[in-house]
Amino acid sequence: MSYFAGIDIGSATTKVAVIDDEQILGYKVAPTGVHCEETAQQILGDLLKQLELPEDAVERVTSTGYGRRLVKFASSNISEISANVKGATWYGAQAGVTVRTIINIGGQDSKVIALDDSGVTKNFAMNDKCAAGTGRFLETLCRIMEINVTEMGEVSLESKVPIRINSTCAVFAESEIISLLARRKEKADIIAGAHYSIANRVARMVKRIGLQETVFFDGGPALNCGLKKALEDELVTDLYVPPSVPQVTTAVGAALIAREESLNGEIVEAETA
Amino acid sequence: MKVYRLRIAVQFVCFILLVYGGLFLIDLGSRLPTFSCAYMDDRGGGCFFIGFQHMLNRPLGEFLGDAGIRLLKAVGIFALWAIVLNKAWCGWVCPFGFLQDMMTKLRTFIGVDVSRFAWMTRTRYRSVKYILLVLMILIPLGMANSVFGLPTLPRDWSVAFCQICPARLILPIFNGDFSQIYVDFSGSVRLILTSLGVILTGLFFTTAFVKRRFLCSYCPMLAALSLFDKIGLTSLKKNGQRCTRCGNCSRACPMEIREIEEEKTLTNLVTQDCTLCLRCVEVCPEDKALQATFCGVPIFTASQEGFLKRQGLPGENKTEKEI
Amino acid sequence: MDAQEKRQRLANKVKVNLAMTVREIFDAIEDEPSRPKNMAYFDRIFKTFTDGGKGAVPREEGRKLIGTYCLFVPEEIIYAAGGQPVRLCAGAYDSTEVGEEFLPDVACPMVKSEMGFSALPVLSFYQDCSLVALPASCDWKTKMGAIMEEHAPVMMMDMPRIKESEASREMWLSEIKRFKREVEKVTGVKVNRRRLREAIRLVQRAQVEFDRFHTIRKADTTVISGRDALEVLNAYFYDHAESWTAAMSLLNDELEERVRNRTSVTKPKAIRLMLTGSPMVFPNWKIPTVIEELGGALVADEFCTSNRYLHDKVAVDEGSVNDMLHAIADRYLLPCTCPIFSTTLDRRDRLLQLVEDHRVEGVIYHTLKGCHPYDLETKLTETLLRENGIPMLRIETDYSPQDVEQLRTRIEAFMETLTGKRRG
Amino acid sequence: MRLKAFAFFLIVGCMPVGAQSREMGQAAVTGDIPMWIESMSWDEIRAQRAKMKAAMEASGKREENRSSEWKGRDQAGSAKKGNEKKRKTSSYMRRTYYIRSGAFPMLSGGIMSMKSDGMGHVSMKHVAKPQSNDHERMSHGAVDHGAMSVSGRLESGRPQTSMNNTVLWVTFPDTTVKAHKPKQRGKTSTVSFPSGDGGWYRLFAYNDLGVRDGTWVQLMSHGAVFAHGDEPDERKQDAPTGPGLFEGRPILEIERLCHDHDACYRAHTGHRLHVRANFKGNKLVNTPVTLTTGQGWSQSKRTDANGEAVFTLIKEDFPDEIDTRKSEMYLLTLEHVVEEMGMLGDEHFHNQRYVATYPLKVYPSRLDWESQTVGFYSLGGVVLVAAGAIAVRRRRRRLQA
């Protein structure tokens, strides 16, 4: 019995997932600190503790995400795209859907990945320049609104006619929203409007690379049902959001890759032998 | 200001004046540029043409003397009348025109649709009235003079136009005199002319139920008056820029004149067929696009609210009879 | 998901976006100071767009809806046949991309938008039409009919392009008569003399109010913003003539009051501008909005959706049905200044007249991308206006809100040159 | 052709009048030779003009063919420059009136074939001041006359009646009366005067034959011509005196009374002719008035207590070919003898005899050549046909639409 770990160091949170040959054993999400390697170490440690596994039980560790190169102890690191793809396809396989498009909205970027039938990346679009249309934007919104991120979805669903947020830049949007609040507009409408403006941007990316069913939606904001609805409206399709915590898909993907690498490694060894 | 009502009133008064004026010892002379037929016993003034034809029936030489002077005098009086009222003689005074308008009223009352000429037809037959006018001048001259040594026309040709003029047959009826409706067998010329008169009269009664002022378009009086169009004191002005060419005017025009709609540059719109009935001004919905003037002073101007008033607005309980 | 559901969801998407657009506009309007309060009636009509345009078009006693495009379809006949006309010309950006599925990208946004609305159940009255009369005015409209046929009961009306010819007039008259027969078939009501006369008078009453309104706009004090003027006439698309007239007379009263009190919606001595060119339909109000945000006074416009819509009048002459039909045919064909006609004469004079009446200082010529007829007349208009000492700014745009900022800059610059011109 | 036949039928329809004429007995003109005014026939005028023209061309004067007959006469007489001038200034319409005398009807001469020239009609009408309406009505078919010249000429081959003492009184529209003594020029003697004003020019010829075997014979005749033009505004009421006049009016006058103006204006067969006989202003009672037709039929009637007599213009038989312009000369003759002694110059007479004539041109009845029946029928026909045509056309068009 061998164990593998995937570490996804995102801008907002760090996710760690541990799997064995069959299934996921566990995962853990924690905010990324300043020193991401320590954080990663610590989280992994905690997770193993939870799983009552020895420190060295993990055979291979693959890191991904922005900080992936900072994780010295990782046996390999890989771009979050492939990791995301891997994870998404795996989850899809679990649910019995063939994922063709992946929408991942992260802390400070959002990507759209197009796959072919065999789950190989065909094309991808990415917005990593601007915070608008990312989780970070939603967080600022919550801060201004003084509500919890997790409530956003439910609140936004109450809105009848959302208010359009024209500013495409997170900073301007902020001021715009403040002025809206000043004009006593419904919070729900504002939030919904924000959702639609994000959805709109994402939808534009999707349009660029072309949308194919099934669409797999992951990343932290995927928890936000309002955003999900907005996206579904804009894309005119259903989104598949993994049942368990959707932000760890990338980490899981990394872990899966670690496992594959080890298997391949064995094969290689066998050949040399 | 519902001009069509005013007009009918004026026409009626003129009709009484000209047809029965004699009974009140009214005499406007015998040089009127309108079909106040000289065959009416009680008329209050005579049509210019009959005297005109007689006067022309002279050897040319005599026009250098008294005869000529007398002719000039007559034409002068005619011209004076014509210049003052211009075509309004046709649209507002002419008893025969009035009768035709009344027939039109009857037609609209019955609800028979008006029918229009094709454009080509209309333009083609425009010249008829001038031809008639020229003939009316040449025939009497031909009676008294031999042209190129040809024999002079027989006396049957005397007052040839009056013989074919339907007004001669119809107007005297209002004096209780039906005797003008006859066919003259005394000679082939007379036979043809008088029969023509009868035929035209028949057309007067029938065409009135399909067309407006059918005979006016061929009236030599219109032709004679149209010589004074440009100098007439009464006139119809148009402001091309204000005109949207909506075609209301030309559609409502009894004489089916298209210039009034199409012209954008010309200002004086008294065209050869215009009878100055001012119907066009009534149905013009544009402010100051059309204007009837007397000596340059506007007497009736087109306007939006005026238009809508004449269309029976505002008002719920009006029936379509009003228009 | 199956095609039907897909269509529904697409519709929802458009609905939501449209709703957001409408809300955006009216939220902005709410904060405007000194807006005539009688505009509320017209606002209501457009606010219904936020949920599928329910109640935008009055449907009492089960009047059949007859959709019309352009301003060539005689509403008198529809009213006379007991129908309710609704003009379907659309200005919503949100439905254009749906239309793009049916039409080439170069097609003008209006056609795209209309296509989108008639293809999807977004605004109810697009679907409820028992007959959609579509004059083959420009090329887009001509072909749109064929493309639209599967979504709506389209009746194409042939449009002559040369008003001066007798043949075209007769052709148009026969088209009008055909339309009458079609409408009668749909509504089951025969158009007789009395009904037609009443219908004509109904529209004429509306025109009385329109004339009042038009005259008010000639005043020195700009008592109503150009955008509101657009809105007022845009409302006539959907409203029943009678109720529109009633609301209109109230508004006119208020406006006349304002004229007396000199309560202006603009700063004193604001630049007097006129809009012309491709039609603007709600919610495509970006240009008038920008102009007025910049403090310009939009005193006149020459749009088939606004000023030209109700200006020309039917002149009943003899009052028989045929005569009235003839009058109607003429009214809808001859005075129309739409550039699809060969002649530019009428539009030219109309523009000059408006400039003169409203004392316009500058003209903004609006062309929709792909609206070739208006594009073709740009040069002519420009030279004409220059000859008359009126500067002209040509703006080519579409329904998308992206270019608002750059429009703002251009218009601002234009207005600055006008102020300079004013100084001397 | 068929119409001609119809016309003929109409004539036949009018025959009773003709039949009536047959019943009238023949009566010769009694007493002395009458004198009457008669307009020269148009043919004669034409002929004369042609002759003059020919003469002029023969003499090589091609220019000024304005009114050739003057030319001609000037050749005959002495062509004076002054004359030329005078005549150039006012162009004259020459009308010639014979003042004829002799047996009526003359069986030779231009009477029977006489055609009216369409330049006005010789007829009498007793209106000193015609009302405007009358004036207009008189104008039918007439044309202005530049001027009039009256010439009497001696009829040869007949019992001579001296024309030396003939005077022609012309009453102008403004009722000024002027006497004109015919000037002898060659064979004919003419009087001419410009007629500027419009209205009636009444001619009254008076011929004093002097005393013949104890009877002072005075012949007179009436005639009038209507001139078109504008009537004089003021009228001079003067009662001239002179030979043949009594208080400005003819001594013996046949005054025609007009009830039906048209009849007065142009006499047609079947009309009534109502006359009154005046002598020196008083009516002549119970005096025979004789109407003689161009073919010699005549009828005498005695004037009643008012001095009036009524004739019916009988129908003469016209040729089958109807010619409305064929007219006949009828003549009314009135004789009055006053038993009164007196001296004329150095001659005694024991009674005065006045013979007045009233020439009258009679045309066939309008009914002979005008048919109102046909008029009405054809009018109805035209209306029906046209209406039908229009209806059919409309129907076709409606079906097309």
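As written, the chain order gives the labels A, B, C and D, with residue 1 at the start of each chain.
Keep in mind that, in the parts below, a contact is a pair of C-beta atoms (placed from the backbone, for glycine too) under 8 Å apart; a residue touches a chain by one contact, two chains touch by 3 or more.
Quantities reported herein were computed from a predicted structural model and do not represent experimental measurements.
The fewest steps needed to get from subunit B to subunit C, moving only between touching chains, is 1.
Counting C-beta pairs in contact, the pair that comes out ahead of the other among A-C and B-D is B-D. Here the chain at the heart of the structure, going by C-alpha means, is B. The chain with its Cα centroid farthest from the Cα centroid of subunit C is D.
Averaged Cα coordinates give subunit C a centre that lies 85 Å from the centre of subunit D.
Here the CA centre of subunit A is 48 Å from the CA centre of subunit C. In whole angstrom, the spacing between the mean C-alpha positions of subunit B and subunit D is 39.
Averaged C-alpha coordinates give centres for subunit A and subunit B that are 93 Å from one another. Looking at subunit C, one finds that none of its residues touch two or more other chains.
Because contacts link the chains only in sequence, without closing, their graph is best described as a line. Pairs of chains meeting the touch criterion are A-C, B-C, B-D. The touching residues of subunit B, when paired with subunit D in their complex, are 22, 25, 27, 30, 38, 41, 46, 51, 54-55, 57-59, 61-62, 64-67, 70, 73, 115, 155, 158-159, 169, 178-179, 181-187, 191, 194-195, 198-199, 201-203, 205-207, 209-210. Looking at the complex, you find that subunit C touches subunit A at residues 1, 6, 9-10, 12-13, 16-17, 19-24, 27, 31, 50, 401. Against subunit C, the residues of subunit B that register as touching in their complex are 108, 111-114, 118-119, 240-248, 251-252, 261-262, 264, 283, 285, 304-305, 307-308, 311-314, 318-323. Of all residues in subunit D, those touching subunit B in their complex are 3-4, 6-7, 10, 65-67, 89-93, 118, 132-133, 136-137, 139-144, 146-147, 194, 196, 228-230, 322-325, 369-372, 374-376, 378-383, 385-387, 390, 394.
Of all residues in subunit C, those touching subunit B in their complex are 163-164, 166, 193-194, 197, 201, 204-205, 207-208, 211, 311-313, 315-320, 322-323, 326-327, 330-331, 334-335, 337, 345-346, 349-350, 352-353.
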